[in-house]
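One structure is given below, encoded as structure tokens.
The first chain written gets the first letter, and so on, giving A, B, C and D; residue counts start at 1 in each chain.
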């Protein structure tokens, strides 16, 4: 049963914002609840993913959501794309109503998407989305994120200069999009930029080492932008006694702690991204679709942006939470707002 | 030479390894239809010579001629092509492959480019039969065969290559008289079929029985060539070792048997199907021999004492007190004070790449170190003593032990255990591939240790040794003690008879070890 | 002793792997909501076959007492290459396939040359070449993308007569066309001999170098077949370092589960295939048992630990402690 | 054999240098060459702060590679490094959450966790005779599983304690980062153990022929077990230092250390087959790898080119000096 393509707007226009003007709107045939929903995750062993899975569980546990779910199953298949594809195939075969997926590879899911469509299963992708028109994508504007950081630097390093760019995992579309975003705006600015690129792999350790080397050899820099592992990057600056400079980075709790702490000393941060909580939006979308509401084929997630000087303790960052914790878990427009405790506190009682 | 045209001739062959002169302008000529024996000490150059012949090592200089025309071999394969096949001293069988695979390994029969299993098996069965080892199953994995059986496979493998010249480098060093007898039968037949055979051995009686021509090597040179039987053993040995050759076996003490209190005793020792109710005693100062065909459980018995075997039944007593020995570590412990000179020095006795020093002190590290730290002075002292006591010939203590000659390697193995002053010494065929001179020293040493009160249990595949060294000999057959020979009873005849588990007089035909 | 006993002894590893796999797979399908259906089998086999190819590749090298830590990267490289070449008309596609397989063969040959003629220790040599292959893969696909001849892809990842997974048929074909001839050829035996005892093999005039070289080269080829299949399965190419490494490590696990001795000279690719399938089924079990998602990695780890420890039970049969040291 | 080849200078140089292959010397030569090449790109590659920086970073790999070397000398390998490192780091940080006692015991506890993993490896390899390559793979997976469960279930504290920060980044001796001092100490201890103690001799012995060692009355299984335990402990300690350096622990910390630690050990002339190798070589290998990675990373080269060069250089250097002797 394929969705019929209809006119917008979507059921909850502010939450299910279309990606762009020409985004299609889907209306799936209404199914009777409660639903069986599956989350097909890939790699699990890092904080972002763990936090994401925890959030998913927390969301599914919320009374109003729980009421609509017969079953919510999560499977993590590791780095291996085929394994994830097979998992989705399995979910389809075992008759799940909707499958939420954080794809290891945006382009690899063609065959599965076909099958899901034939089987009338609602497929919703988030974080690493699928480039297809046949599945629903809950999408972060990765390029826009890059542009945001680029602009931040342009604004705070008024007449160009030396920039340290710490990239993510080579070969991924997210890394490429963000990189392009940054450079397009920098180039457009017409100012003179000398960008030193190093690979941080979204990992604090790697990022820190790479930055330290870059600082020791090509430093000092007038501005920094990091796609991830930003806590490590700042740490490297501190260790190398590198002067604090404007910084466009992600949403790690530790990074924001630094931003708040050293803002006065010149660490002017733009911390933006979309935390793992976007999984909740994806699930919400899936349920809406099953309920036969109108949803856009590509949902544009609002970025959770916090910029100097307004980092607020206990809201934008949590001193008593882990540095690795990803902040920006609230999507007010979707009525989704998780506090750190709700997520990581999941099983506090175990402690 | 007696006019016959040499089938193969080597002239002025030299080979150096670093400083070592393995071969120095060596000459050799081989004629078809005859068995040519090569004699020489450890390290005389015999193996190297035949390795050159077989294309394993390239000579530094010199030329080789086959049927009068010059040849050079780039590889063992090339030599095989030319009909030169060698049975190396270090076995050249592939353990994980089956007997049949091994026999045809150099050029297996093919069908449609793939190996023809049926044909291969047929060939293997023939070859095994020719080698007088039809009892070996062609599908058995080589690694599962005892050493003597492997040696037979080696020979079958060689025959399967239809050699014109067949070389055996200490091929019999691991075999008992009965196996040797079989092989001799085969070799004699091959000679009559017109093959040229090169035969290297440290056993004089074998050479006397077999050879037509003899060449003696010393320090990489061929020092003498003569028709077999024209020289006395003593003359020959003097040619080999270049020194006066005294009586080889030390005199045995005349002592009433069993006066010695048993230090080591076994009661009804059994293990799987290899050991069957073995009871024996070894007294202080006694040298007790283990006889019998190879693989009748002698090795297992020694391993059982040394704590290597699991699931033993029966009792082991030390100084009359029952003990359980769960590991070599326990066996060497002072309460027991046992030492085992293992079967294969190259894989069980030594770490070939490590230095002589490290190997010597390896078994005594616990004694040589305080709080785990090695007392190098003490180590040095003890090592010097041992090198002196056993007259180990080495270019230094810090060269790899693998660079020593087998004889000296063996001395290192023994020395490393003597460093612990063991009270019980188990020897597993310690003179394999060792030249007469060195053997003699070992015999002397064994007796000396016994006289100092050690209890010695000594397995040998060489009957002369058992006769020459032992106060008593226990002959094993199929894992059980078949007969105990004391003092004068220990004769070759008696040994072989009981080894074959036949009573007294009627002897098997064509058994060759009878000197 | 009877002939079949010897055969049995020789095949023990393979049979054990087969046993483990069957047991796991039965547990899996009998708990699967959809049960033992053509779909489920197809899904499982597509996933399993990928690893099976890589495991076969690893087997060839391991038999020579070597190890190839670059199989995963060859797998990626060929995947990326295929996502460029295996597309278009029948002819073009065919050409692409040949080119991809050729590349794999070449990578394997390079490994072989470095290890055998350069006389380097396989582990580190292949770590290095692996890095190079990954680099090239990344050049080919800076980010995921590309496409493949979907008809061919669907045909090879689909089903024959509606029931039989095509991928299994391909696997069987590869076994018959590559493994069987190799293992029965002189070179194959040379590879085994070299793995078991290089010195002995050399002394017996066995063409060890050619044998080992062939093994490494064919390993590259098999990894390439895997890469090709990955492309068919995903319609695209991606240079994902993590998954390259994952496949390398998985292949080692599969090979061991398949009863191939890491010390060389012993084992068969058939065993490795079942090892691979068994290993994959471990992952599938997650699906049918309702685990807290965060406990899944632990569960998989423990199962793997148990699976590889199974071999240790043979230990209790060892009566002569020297056999510990092979 | 190294002993015979450079035995001549035996008298003058300390033993552990005598044990070293000429490979080691070549390795150090390569380091110089690398620096030279780097300096062509940018002078600052020769600046003391950069070099210290590298030494500091190298010492993390150095500590981890020390354990790896011990295991490789036995003819084994330890693939559980990644999650031993992560576990060490995470557990140490986690311990700090439990009051002052926790803070005090943080580092020992982290190391202890690594030792525990190592012991499982050791039991598997020594007593169950499972090939190290596979058992360590499995324990790695298990360790990962445990860490995931832990992180998810306990919202762990994962910022490093002051002590950890101090060990990794502090300066007890002016100008010399503590990490480097620690590596030096561990290195010295290792050299001593390998050359002067019975344990060290036994390790080499087992690496050459475990069978012979066993028949010499050595409890080889115990030695193997201990070696793996040490390896695990050192990996974990490396993790602790890393956590100190990054001021926090994270799951993926160890991933970047498995292959480099193996490569470093082998580049240092240690035989992967065991029984042969010197610690000095490992030092050289570690510095080589670290410099290579750092220089490539700074040289603005795209990841692809970096990987290719990285691999190419390793092969080249091994071909230069890491070759086995010719068979004939």
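Keep this in mind: contacts are C-beta pairs under 8 Å (C-beta built on N, C-alpha and C of every residue); 3 or more make two chains touch, one makes a residue touch a chain.
Here the structure is a predicted model, which means the values were calculated and not measured.
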### Task
Name the two chains that are joined by the greatest number of C-beta pairs in contact.
C-D
### Task
Could you give the separation in Å between the centres of chain A and chain D, each centre being the mean of its C-alpha atoms?
35
### Task
List the centre-to-centre spacing of chain B and chain C in whole Å, with centres computed as mean CA coordinates.
44
### Summary
Chain-centre distance (mean CA atoms) for chain A and chain B, in whole Å, is 73
### Query
Residue numbers in chain A touching 2 or more other chains?
44-45, 50, 53-54, 170-171
### Message
Touching at least two other chains at once: which residues of chain C meet that condition?
### Response
138, 142, 202, 294, 296-297, 321-322
### Summary
Multi-chain touching residues of chain D, meaning two or more other chains, are 144, 148, 152-153, 209, 211, 214-215, 302-304, 306
## Note on the structure
So the touching chain pairs work out to A-C, A-D, B-C, B-D, C-D
### Message
Could you list, by residue number, the parts of chain C that touch chain B in their complex?
### Response
1, 3, 6-7, 9-10, 181, 184-186, 189, 192-193, 195-197, 199-207, 261, 264-266, 318-322
### Summary
Residue set of chain D touching chain B in the complex reads 1, 3-4, 7, 10, 196-199, 201-202, 204-205, 208-209, 211-219, 275-276, 328
#### Entry: Interface residues, chain D side, partner chain C - complex
77, 79, 124, 128-131, 133-135, 137-146, 148-149, 152-153, 209-211, 214-215, 259, 262-263, 266-267, 271-273, 302-312, 314-315, 318-319, 322-327
### Residues of chain C defined as touching chain D within the complex
67, 69, 114, 118-121, 123-125, 127-136, 138-139, 142, 198, 202, 249, 252-253, 256, 262-263, 294-302, 304-305, 308-309, 311-312, 315, 321-322, 324-325
### Message
Under the stated contact criterion, what part of chain D meets chain A in this complex?
### Response
42, 44-45, 47, 49-50, 53-54, 57, 144, 147-148, 151-159, 169, 242, 245-248, 250-253, 256, 294, 297-298, 300, 302-304, 306
